[in-house]
Amino acid sequence: MRRLARRVVLEPRQPYDGSQLRPHFVRARFGVAGDAAVVFRGPADVEGAALVDLEDRARQHVIRSADMLHLIVERFEVDLLVGILVQRLLASIVADQVRAQAPGRTVVRNGDDVRVDGRKLTVSIATVSPVSTLIHFGINVDPAGAPVPAIGLAELGIAPDAFAQKLLDALDAELEGVAEARSKVAPAHPEA
Amino acid sequence: MRRLARRVVLEPRQPYDGSQLRPHFVRARFGVAGDAAVVFRGPADVEGAALVDLEDRARQHVIRSADMLHLIVERFEVDLLVGILVQRLLASIVADQVRAQAPGRTVVRNGDDVRVDGRKLTVSIATVSPVSTLIHFGINVDPAGAPVPAIGLAELGIAPDAFAQKLLDALDAELEGVAEARSKVAPAHPEA
Amino acid sequence: MRRLARRVVLEPRQPYDGSQLRPHFVRARFGVAGDAAVVFRGPADVEGAALVDLEDRARQHVIRSADMLHLIVERFEVDLLVGILVQRLLASIVADQVRAQAPGRTVVRNGDDVRVDGRKLTVSIATVSPVSTLIHFGINVDPAGAPVPAIGLAELGIAPDAFAQKLLDALDAELEGVAEARSKVAPAHPEA
Amino acid sequence: MRRLARRVVLEPRQPYDGSQLRPHFVRARFGVAGDAAVVFRGPADVEGAALVDLEDRARQHVIRSADMLHLIVERFEVDLLVGILVQRLLASIVADQVRAQAPGRTVVRNGDDVRVDGRKLTVSIATVSPVSTLIHFGINVDPAGAPVPAIGLAELGIAPDAFAQKLLDALDAELEGVAEARSKVAPAHPEA
Amino acid sequence: MRRLARRVVLEPRQPYDGSQLRPHFVRARFGVAGDAAVVFRGPADVEGAALVDLEDRARQHVIRSADMLHLIVERFEVDLLVGILVQRLLASIVADQVRAQAPGRTVVRNGDDVRVDGRKLTVSIATVSPVSTLIHFGINVDPAGAPVPAIGLAELGIAPDAFAQKLLDALDAELEGVAEARSKVAPAHPEA
Amino acid sequence: MRRLARRVVLEPRQPYDGSQLRPHFVRARFGVAGDAAVVFRGPADVEGAALVDLEDRARQHVIRSADMLHLIVERFEVDLLVGILVQRLLASIVADQVRAQAPGRTVVRNGDDVRVDGRKLTVSIATVSPVSTLIHFGINVDPAGAPVPAIGLAELGIAPDAFAQKLLDALDAELEGVAEARSKVAPAHPEA
């Protein structure tokens, strides 16, 4: 894994409708090149064919929220399994940051999903294009309009801008740690 | 990823000296075939060439603990990156289980490491053989003899046997969830 | 390779026109999730751009048969080479089943093709999508309309429903055997 | 897959004791370079640590036969799954050749194993080295000394030299067919 | 890597507009099957969405030249990294051929780009389809119309037909050499 | 590919006897962690089992030189094909640097080999360990003792230290360029 180019662009607000989950979106929209993690902010409204989660699509689910942080991670390696594992580590990182910044809340990660006091804080998906692996990780700031009980950073008293920046730093540190781990381990001992 | 064969064998106690981190160990010792996750229990004493973490080896570190749970995960795919990502999800799962069973403690995952109230609960490594990916995840029950400030499940009031079983179930559920995620996502939207 | 979800759905009859060779078809049509092998039954009529075999397309071949078993195998790994090798093992399995159930016939596998007494019993293709590997294996029940000399299960006195079920079981056993083989072999001896 | 260099060297006879299953053996012994399939002839006697099949080793099985054809296939790609799938196609090819040359016999392939009239004709294993994938496929000529009921080409009236040559040609044709299949198929149709 | 099928088709002239960078183009247009390297000749005019180099597209660059050799390499493996490395070796080969045939010129390779006396001789891109890796390597014969200072084989006194044939032979020799290198090297020495 | 850690350590002189071609050598000897390219200087004397080039070993070749620059590149990805392609680009870079610094000489790259005025300037090999890909690239400073006609940087009037530093910079730039190329290309156009 290469080092991630990181960028937080909270203003102007920009909606997420699912079409952003495409290769080179962050290059085209934000001019960020290479393996990258970018956070922007805005409402979410995803439904129908814009949903790449086919279970959601089949059940006619929608993703809707008045105000979210939208993290897009694009890595130019094509391995969906790795993409999904990174996505779940991201969920773990998000949960840990909420624990640190909103003590007293019950924060639970379940797969790629983070809930606070039983309410949904995040939506997420990982997929592939022919040239890259893509993750969308949406974190409610104000979940108004959400189709299920939800909670946002505002209610938790967490400032979105600092949260976004810390999230990117933690993700980068996690992946750097993974790369270090890979480079410092000897092969397994041989068969007895 | 295939479904993991799971087994907990806490008695008789068996020491971990690093040589167990080899392909087909769980087949040879416990008769568990295929992709597997097995927990056994016993003291740990690893040093010198038995350490595959070369940073630890260079610094003449030792791994020592009077009583640990030892989880060995072996998967017959050869991809160290995937092995390390799974190892870190394991650390996240361990941390979450401690949070649930020892409320009021401060539990922090950092990479592949879990600390409780600032003290080390776990040791871990992921590596490869020519035929498989291997993870060792050691969780202190009684950390007596550890070279750094450490804590164990006993002090936390957590029963090792139930902890071990829940850990394997949670790991299996995590990897099943990963496989489901992989099979239900459409490719990314095409370039604009 | 993961264990295959298996399903035989012979009624109602459903035509195969090539468009079924797409990712997540078996999930959308039959509700079968994950790595899967599904058999349905119906006429076949594939031509022009619906043919993914470009040699067939260039030669303006058509695939046509009044009544076929259609096996679709989808595995959520992206490796066309593996897909093609599995497809050929499938052809071998089909040939062996016909040998067992229609003794006295001359059954020959040639690549991904099975012929009985010199007449064509099957059509098959393996391909990839960005998220999965897909195989179509069509076995004539009644080959009326076929553009070449063909034969079907009916003429061979083989019941399609039992044949379909045994085929899925044999494919599953084959792939389980492959997984077992992978997990029980030591690496090659080192260079002399 | 590259085209296989093929060679049949039936004289002088050479024993197979398992140590031949190592990278570059065919280069060192026979001077055959690159991806290769070589057949030599001689007795087999493999036991203990020379067995890379760990199930056989654990059960203290031995491989013993007075006279066998020994096919070694080495391909300089490192993918054990592909190696095992090719090995099983080889078993299918061997079974088909016996059917063609010894009509009236009952020939059954089961995984990587070929039996004739219920007796064992072959032994086989596929494994990996850090640089290559290796297959050993042994076919009894005279199975004297075998630890289980066995049969050989001699009793079947099949000449070993022609059999060996045809086997290599058929394997080469199979793998060429696989490569052709890979190069002539369009990607799967997109999601509906 | 498989051996490349090679073909030079300089007449009739055929334009390159970018749409040729698609899977199976050389099969459809020239009837060349399998891994292949084909050179045709004609003007180049590529702009807008026909450009797969997104930096060029964003900057509204165009590729234009009155007369070029167009080498298309298609290999039925899906690994963009390998494709790009091969593309750069191709640039090195082109530079070396120009050095040999036009002594006294200053020939510089920079990435995938070859310049002669500071003027642009080539344009090139490597990309992937779901079934293959594709390279376009365009070499000016007469660069009239090029948007930057450019030079062509004509001015260099190099005959395009011999140049094309030698280029394919050199590429084939390079890739054969790579395959040989892969098959004759022992694994690295073990850790000290 | 990750960014390479680079280091030139010309003093004290250190011999190269082939045993340096092992995983984590540069970490152990020079304290350079992660994907790395390190140049040290000293005599070379490699023969027998220390040669991983099995053709050289079989022919009882030796590598011998009084004074060489030794570049070791280790990347913690396991793909020998990529390692060999990078090795050949390295040869191309070395040839280009000699052309620039010793004008008037005839410099020819042939595979992984660079010759100046028909004499051998370099020796090189690429191989794999279970955790990494390794390249040794030796460049004569003073080729005294070489078993074939050879030439060195001293005779060419090229200062070894500046040459080493420029070589690492050029290799790093090449690989960064490769990574950029990978991240800015759209997938191939779809089948017509």
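By written order: A, B, C, D, E and F. Residues from 1 in each chain.
Criterion: a residue touches a chain if its C-beta (ideal position, glycine included) is under 8 Å from a C-beta of that chain, and two chains touch if they have at least 3 such contacts.
Computed from a predicted structure; not experimentally measured.
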Intersection of contact partners for chain D and chain E: C, F
Partner chains shared by chain A and chain C (touch criterion as defined above): B, E
Reference chain C; chain at largest CA-centroid distance: F
Contact-pair overlap exceeding half with A-E, pair selected from D-E, C-D or A-C: A-C
Self-contact between copies chain E and chain F, residue sets same or different by half: same
Chain pair, A-F or D-F, that carries the greater number of C-beta contacts: A-F
Length of the line joining the C-alpha centres of chain B and chain E, rounded to whole Å: 49
For chain B paired with chain C, centre-to-centre distance based on mean C-alpha positions, whole Å: 40
Cα-centroid distance, chain A relative to chain B, in whole angstrom: 25
Set of chain B residues in contact with two or more other chains: 1, 23-24, 27-28, 54, 78, 80, 127-132, 182, 184-188, 191
Pairwise touch network: line, ring, star, complete, or other: other
Interchain contacts, given as pairs of chains that touch: A-B, A-C, A-E, A-F, B-C, B-D, B-F, C-D, C-E, D-E, D-F, E-F
Chain E residues touching chain A - in the complex, by the definition given at the top: 54, 58, 78, 80, 127-130, 191
Touching residues (chain side chain A, partner chain F) in the complex: 1-3, 23-24, 27, 33-35, 76, 129-132, 179-180, 182-188
Complex contact set, residues of chain F against chain B: 24, 27-28, 76, 78, 130-131, 186-187
Chain C - residues contacting chain D, complex: 1, 18-19, 21-25, 28, 50, 52-55, 57, 80-82, 84-86, 88-89, 92, 96, 108-109, 111-112, 125-130, 132, 134, 174, 177-178, 181-182, 184-192
